[in-house]
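Here subunit A shows up in two complexes: once beside subunit B, once beside subunit C.
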Partner chain A sequence: MKKELLLEIKDLKTYFYTDTGIVKAVDGINLKLHKSEVLGLVGESGCGKSVASLSILRLVDQPGKNAGGEVIFKGEDLLKKSEEEMRKIRGSEIAMIFQEPMTALNPVYTIGNQVMEAILIHQDVNEEEAKKKTVKMLELVGIPDPEKRFNEYPHEMSGGMRQRAMIAMALSCNPDLLISDEATTALDVTIQAQILELMKDLQKKIEAAILFITHDLALVAEMADTVAVAYMGKIVEYSSVKNIFKDPRHPYTYGLLKSIPSLITKKTKQPLLAIEGMIPSPHNMPKGCYFHPRCPFATDICRKQMPELKEIKPGHLVRCFNPIENAKEVSKK
Partner chain B sequence: MSTLRTEVQFTESKPESYLSRVTKRFLKHKLAIIGLISVGSIVIFSFIVPLFFEYGSTFSDFSYLYGSPNSQYLLGTDSMGHDLFTRLMYGGRISLIVGFSAAIIPAIFGIIVGAVAGYYGGLADNILMRITDAFLSVPAFPIYMALAKLMGQGVLNIILVFSFLGWMTNARIVRGMYLSLKENEYTEAAKAIGVSNARIIFRHLLPNTMAPILVSMTLTVGGAILSEAGLSFLGLGVPPSTPTWGNMLTNSQQDIFLAPRLVIWPGIMIFLTVLSFNFIGDGLRDALDPKLYR
Partner chain C sequence: MKKSILEVKNLKKYFPVVGGVFSKPIAWVKAVDDISFNIFEGETFSLVGESGSGKTTTGKTILKLLEPTAGQIIAEDIDITNYSASEMRPLRRDMQIIFQDPYGSLNPRLPVGEIIREPLFVHRVGNKKEQEEKAIETMKVVGLRPEYLRRYPHEFSGGQRQRIGIARAIVLNPKFIVADEPVSALDASIQSQVLNLLMDLQQKLSLTYLFIAHNLAVVRHVSDRIGVMYLGKLMEIANTQELFNNPLHPYTQALLSAIPIPDPEIKKERIILAGDIPSPINPPSGCVFRTRCIYAKDICAEKMPQLVDIGSGHFTACHFVKKGGKTEFTKKS
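So, the complex of A and B:
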């Protein structure tokens, strides 16, 4: 059964026009997200993951600007909508969970007030019904004693509780698409596991699709159906989660996977591999493939030309001239 | 586990709200309490006590000019036979009304200008802030005098003039705060749930700027009372038929050696009121932002 297409990003570009030159934070990203599917977007810090997610909601601040492409959500291009129409979509059809639960809640309002606001804006309910709904949402995300917590201020709650409140806020209007921008990064691992469990649970319940942005490959393996690996504003590999982990083709993906310490590498006394070098300065991008200065497999053509995102086997796209053929063999070397 | 929970809840009881903590800190500030009590007494003295007095502000006893204090006229009478005590009470009304209005009206205006400039930034910020700069570079007192002359004398005009020239400081404070507040993640989060800009400016961010605004407002009250006294002293404020502490000083200029109390009492009232408001302002500043000044 073919799933219904919910979000299609076509050649999306977001550039920052700074005093020192144009920074191509998002440089021609293509993504497809089907209904109630989880798409993981992975990459190092500074590779444009967050900007990409903000671009979908059109929340990129000056000096950042959309420089082309389309964001087709339910058949309509969000980039062509008016600010007024966008406001109606934000929060009701596309919701977002932010990285820092410590700062993403306004310190002067109670938790309940803030969750309730989304409901009051997007739904035709009076304050009493909204309050009831809010308490229900708080209960749904596992906040104990929701009636009491409703009247508490953000500083009275722990990070995990706040992130639960953020999730309640995001899900209060049953969005079709939930963007989670490093939603668990600021939490410690046990809380992280709880929050992920909760998100997975709720995702099934309300049948929302999730764009799951993270730098943590382990989380992607846990959450996502398909994975897009981003490097310097471009997608370098795109496939199902199984393919990415079992059969990574792009040297960058391979490097990311190899740089995770595991019990097996310890047993076999294999040294932990790291990707050499640093991400290039956005003001001084290398010619050709952006990854070539750090790539152990780079050849002459890599230094001259940016490779295209090619389908090398059904459902597996790679942006590389020399994709890795057999990951297992390479790792033996 | 469950026993532990109930214990914790027992000791924690109801979490302390921001307001109650601020109140607690304010109450620890002795000078501020003195200021508050003194302002309270002055308000009662000006607005409630006159209700129990038989003479109005225009009452005068021509048979008892420059009269010294006695049981009928508690502080004596002035050159026109007005009862000084009554005039002080009615004068307090005007001075306080001028002080409060001159603090609140320009604050509202300044908040709007500063919020819009700081939140939107760019061109709007540039235009609004250059206008603010222009207003700030005008020497205030000569302009007060010119405007007072132009619009005629009267309480309302004084308030208008003060409002016209008093909003810039607030605008600058608020703009600065909005510049940093709009970068906060919760501003972005609010946008992400579809909150409109106007609502973000006035509902989400405004409460975060209230602390310095409140402090600046209390300090403005004292300043406005002083300025009113100054203008009235120069004969450009409120006309002599309506008593204010300022014009009571003016009217008694020539009598300063004949009957010093005619000058001393209004002077003491002005001094006390301004000092009290400044104490309250200090207390508020410490209470609202304990990180500073400690």
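So, the complex of A and C:
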């Protein structure tokens, strides 16, 4: 069964025109997200994950600007919409949750009023109904004693509770697409487990698609159906979650997977595989493949030319001249 | 017999909460509340636990960077609990700390060479030329190019700054290092470089570590033994294998089950803890974990469980974990 396409990002570019030069934060990315699918977007700090998500919603601030591409949402290019139309889409058809809930919550209004406000704007209900719905929503996201919590201010809540309140607000308008940018990064693991469980649950109930942004590969494994790996503003690999973990083809993906210790690493107290060096400065990008200064598989062509993102087997795209053929073999070397 | 390099007995560290017109303590934050453990020579002993559980406070108090409220700290048979700053000075050479924040913990106005040389200067080790030579040698050991000697911290990446912090900690050839979240602020690909360096230095310099972290996969990878903290108390201590294969305390069980695994084909049973961590100002009576424990009974509110050895160095603090590791848990009705 072919799923319906919800979002297609084509060659999207967002550049920052700074005093010290142009930062190509998002440098021609392509992504597809189907209805009620979870797409994990992973990569290290500064690779452009947040800017990409803000670009979808057209929320990038100066000195950042769109420098080309399309964001096709339900068949229409968001980049061509008026600001008025965008305002309607944000928070109703597309909702976003962030790492720091205080960026989304207003400190001077109670949690209840903020969720209620969202419901009043996006749903055709009167105040009394909206209030009832709000309490139900707070309950749904696991906030204990929702009637009492309704009257609490954000600063009176713990980090985990604030995150729940933000999710309640984001979901109270039944979005088709939820963008979650490091929504659990600041939380403790037991609270993170609660929130992820909640997101999975709600995702099934309201059938929203999720663009799940994180730097943590383990979370991607938990949450995502498909995965895109980003490096310096470009997607370097894209495939189903199973494929990415079982058969990584891009040397960067491979290195990331091998460098993180996990509960399934067999030998502990042993050196971990490390990706040498560090990410380049956005002001001084290497020629050719951006990863070549750190890549153990680099050849001459890699230093001269940027590889294309190519399909090397059905549903598996890789941006590399020398993709890894057999990850198991490589790991033995 | 393994030799204890450090012994902590019934250690407490309370912080005053001041208020009122006279700025008198109106309450106490029980950051560390009656914990006991040993650290053996040459091992990595780790403290894990969620934010606010008292890990950093423990690390700082045993180095006497904070004054203990009660209890004893014995460093290689010397009771240093009541040592003054000047009495501590000769011992400081042997006991160092690496901080979590590679940005905030280095003096921005000093070039790197000076930052690394400073401890030698403070402890009057060698003349200036010898100190500079030692600084250069140490830079090489931690993988920093000696050419960078005159550069300032802001000119380095996060991973490099963490290396500077490590260089500074090892330049006096200490025996014991408290490493407080040394890789938490780093990206995955850099994290493994720094972990490898720490493990390598431990071998080469016969170091003993108190390693503090909240990432349990990292902790599992580097530790010999692990202590699990919750609300200022130790819930469980065991060697790494034992702790991960046979966690006995209900909190440890929940904590371990919450760790995401970077393999989409492993789906694990999660123990989802309800609610939040209570405030350390007013912790629950009896067992501090009881408000979130799925097995809590009346006795848990009445009586505080003691941390006891249930066999071969595996310690737990739960009323329902018996000698030999037999558990008598029944779910709350």
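Basically, the second predicted complex is superposed on the first by the 322 of 333 C-alpha atoms of A that agree within 3 Å, B and C clash if a C-alpha of one lies under 4 Å from a C-alpha of the other, contacts with A are read in each partner's own complex, and residues count from 1 in each chain.
Please note the rule applied: a contact is a pair of C-beta atoms (placed from the backbone, for glycine too) under 8 Å apart; a residue touches a chain by one contact, two chains touch by 3 or more.
Remember, predicted model here, so these are calculated numbers, not experimental data.
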{"item": "Joint occupancy of subunit A by subunit B and subunit C, clash or fit", "value": "fit"}
{"item": "Vertex subunit A angle, Cα centres of subunit C and subunit B, expressed to the nearest 10 degrees", "value": "80"}
{"item": "Partner chain(s) touched by A:122 [first = subunit B, second = subunit C, both, neither]", "value": "first"}
{"item": "Touching partner for A:241 - first (subunit B), second (subunit C), both, neither", "value": "second"}
{"item": "Partner chain(s) touched by A:57 [first = subunit B, second = subunit C, both, neither]", "value": "first"}
{"item": "Touching partner for A:152 - first (subunit B), second (subunit C), both, neither", "value": "first"}
{"item": "First (subunit B), second (subunit C), both or neither touched by A:261", "value": "second"}
{"item": "Dominant contact partner of subunit A by residue count, subunit C or subunit B", "value": "C"}
{"item": "First, second, both or neither for A:274, with subunit B first and subunit C second", "value": "second"}
{"item": "First, second, both or neither for A:194, with subunit B first and subunit C second", "value": "second"}
{"item": "Which of subunit B and subunit C A:299 touches, first, second, both or neither", "value": "neither"}
{"item": "Minimal inter-chain CA distance - subunit C and subunit B, angstrom", "value": "5"}
{"item": "Subunit A partner contacts - residues on subunit B that touch it in the complex", "value": "15, 17-18, 121-122, 184-186, 188-196, 204, 207-208"}
{"item": "Subunit B partner contacts - residues on subunit A that touch it in the complex", "value": "57, 59, 62, 87-92, 95-96, 98-100, 103-109, 117-118, 121-122, 152-153, 156, 166, 169-170"}
{"item": "Residues on subunit C engaged by subunit A in the complex (per definition of touch)", "value": "50-51, 157, 159-160, 187-193, 195-196, 199-200, 214, 216-218, 220-222, 224, 240, 244, 254-266, 270, 272-273, 275-277"}
{"item": "Complex contacts: residues of subunit A adjacent to subunit C", "value": "44-45, 144, 158, 160-161, 188-194, 196-197, 215-222, 224, 241-242, 245-246, 255-257, 259-265, 268-269, 271-276, 278-279"}
